[in-house]
Each structure stands twice: as C-alpha cells, then as structure tokens.
Amino acid sequence: MLRQSSMILPIRAHGPGLYDFTEKACAFVAESGIEEGILTVFCRHTSASLVIQENAAPAARRDLEAFFKRIAPEGGQYEHDDEGPDDMPAHLRSALTQTQLSIPVRGGKPVLGTWQGIFLFEHRRNSPEREIALHIIGE
Amino acid sequence: MLRQSSMILPIRAHGPGLYDFTEKACAFVAESGIEEGILTVFCRHTSASLVIQENAAPAARRDLEAFFKRIAPEGGQYEHDDEGPDDMPAHLRSALTQTQLSIPVRGGKPVLGTWQGIFLFEHRRNSPEREIALHIIGE
Amino acid sequence: MLRQSSMILPIRAHGPGLYDFTEKACAFVAESGIEEGILTVFCRHTSASLVIQENAAPAARRDLEAFFKRIAPEGGQYEHDDEGPDDMPAHLRSALTQTQLSIPVRGGKPVLGTWQGIFLFEHRRNSPEREIALHIIGE
C-alpha cells in the first residue's frame, strides 16, 4: 500500500563548496522501507543549493566551484550586501542551480546513474547548520 | 488516507520581474486539507519561470533581476526574435532558472525556510496572464 | 485508487543538442492509465540534462545551444579534462539546467503549456545511450 515518510536532515558545511550527502539520502530511503516511489530533496535556504554532479573526480568539483565564482563573482555590481560580499553571489549561485531534486526509487534505492552524487552546494563562508527536507512516497 | 488535489493558478504580471505567490501556494495547500505530503508548482510557459529566493530584501530581488539581464542580455547574437528583442533572452533566463519546484509539506504547510519565498520570474515586457499548475499529494 | 508506475526510457543522441521526447513521456503517462497525478522525469547522467523549452521554433533551440556554448565554453580554465575538451563544459551546462522535472497530470496528460516541449540536452560529442527514468503516481 502507498505510504510516505519525511525528515529534516541537518548538514554542517565548513565553508563554500560541494558536500556529498548521497549516502544519507539513500539511508533515509532504506529506513522508510519503500521499495518503489519518488524521493524529494529540498534545501531550506537561499544561499545554499543542490546539484547532482560527478561523484568520482574531485577536479570536476573544483572546476564547478570555480565556474560559479566566475559567473556570479564577489565584488560585482550588487546593491544588496547586508551580510557581506558573499551574500548576493550566494543568492545568484543558488538561483542558477537547484533548490529541489526529485529522484525515482526502484528496488529500495534512488535510480541515480553510476556517476551521480547528490551534493549540497554551500555558497557562504560562515553559514549556520543547513537543513535539507527529505520526503518519500511509494510502497 | 493518501489523496491528491490540483488547480491552475493564474498570475497577472506587469512587466519583467519577480512576483511572490507564496501565500497563494500556501492557501492551496491549506484548502486541500492535506497535512503531510508533497506540493508541486509548475510554470506552463517558456518565457517565464520560477525561483525560490530571499523574501525579505527588495534589493536582493533587484540584484537578481539585474544579474539575469547581464548574463542573458537583450541585443545578444540571437537568430530567434519573432516576438521582439526580449523574446530569446526570456527563453534563456527560463532555462537558467526553474520551470518546476516541489516542496515537502508538514503540519499543513510547505517546509520553506524562514527567508524563502516562491516567485514567478516574468521575463517579458508584454505577457499574457501566466498559468501556474499546482498539485499536492499526501494525507 | 492511487497507484504508481515507472520505467527507464533509453534515448540515443547523435551529438550535442536538444532532443524532444515529449511524445514518449506522454505515451508513458497514457499507458499508465493514470488520469490525474504527477509525472517525474529524471536524467541519469551528469553530462546531459533536461530543459523544458519552445517546441516550435528551431532557431530558438539553436540560440539556446549557442548560449550555453558561450557561457560554459570549451577551452576554459578547467583542471578536469579526463574525457576531452567537452567533458567539463558538459558538467557545467548540466548544472545550469535541470537533472529532473516534475509535471502535474490532468485528463491523462502532462499539463504542459502550448509551447512547451520536454528536451534531453546532450552536451557530449560521443555519448553512450542515455537513460531517462520516468515515474508517475496518481489515479
């Protein structure tokens, strides 16, 4: 019978960058006991975001971080800087990536491809603990 | 028992910019009577899009609008301009942001963070009324 | 009564560009027999992605492809190039667009707007067959 489950996953980032939480998301799916369904991952912030990216090569992640620093740089022509020079770039990098991802679940696991990992993309230097809302529905 | 509900929400934009419809999305959730589930918001257009952004500082929204004007400018090297100079930039800015968002619902409310608002991002100067499809499933 | 269905849809791309698979997604919905619900489309790759875009004008699609070549160019300052010069740009263009889309279903069809098509955005010159996971829940 169809059912659902949800939780808030806290993640502590240590400065800007990509933080892989694929295993934690998979553990939530496993604990739900749901074999087939749909998993949703939602970031409750506007200065941190989500991306699904290459899980193998650290150089690819460094390039990704460098790219977003170039297209949404600090020291840009921003009116809003209440929380410092990394404030507005954080919002822009969040808008350009994802706040939410939904992934089908089959055989008790998200159907991620071989090279796909789920990452929190932290954009602030000094950020509070981040909260990721997880939800699954299925059977 | 799990159930679902859906509707089409019309939004009238007055020129390019961000239009907060968080309250309308929350009202749809409340009216559904669903306490725990997943809300999906879908924009039925390719020249307007969705973003979750800072709901407090108007300056942050102005910076966001200015940023997308810079990276996907009018007067670019576009082949497609059937509907004028703001036609192709509208498609690009839509592709760079979101057409759809799904947000877990707990206690009868979307689990948005304190500073998160749901915005229609209108990219055209003269647009028809926009349609946002809302869907919720849960119990 | 609520139920769900899922499948893996293979797509063979022939070089970089946009590949419309709206009809295949609609056929999956029709075959499920679900009249009202939510369809999720998930790309199992980090060097190909998804976009909902203009389904009518080929020039708009060419402009979109050209735009992403400009903002995430080959020959950039990349550390990661294990699989050649189109490797890292592919990851960046994927991060800037979508890995997943969810679309409400009404009357047995996704509620796409008149001008919306669902596209695989292939970023690599020589890519393996791509896999799109489809999932629907509803009744």
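We just call them A, B and C in the order they show up, numbering each chain from 1.
Heads up, the rule we're going with is that contacts are C-beta pairs under 8 Å (C-beta built on N, C-alpha and C of every residue); 3 or more make two chains touch, one makes a residue touch a chain.
In this text, all values refer to a predicted model and were calculated from it rather than measured experimentally.
When chain A is laid over chain C using CA atoms, the rotation angle comes to 120 degrees (nearest 5). For the pair chain A and chain B, the fraction of shared interface numbers is less than half, so the two copies use mostly different residues to meet. Taking the mean of the C-alpha atoms as each chain's centre, chain A and chain B sit 20 Å apart. Each of the following residues of chain C touches two or more other chains: 2, 71, 96, 98, 102, 137. Residues 2, 36-38, 51-54, 57, 59-60, 62-64, 66-67, 71, 96-98, 101-104, 106, 111-113, 115-116, 137-139 of chain C are the ones that touch chain B when the two sit in their complex. Taken in their complex, chain A has these residues touching chain B: 2-4, 6, 8, 40, 42, 44-46, 71-72, 76-80, 82, 88, 91-92, 94-96, 98-100, 102, 131, 133-135, 137.
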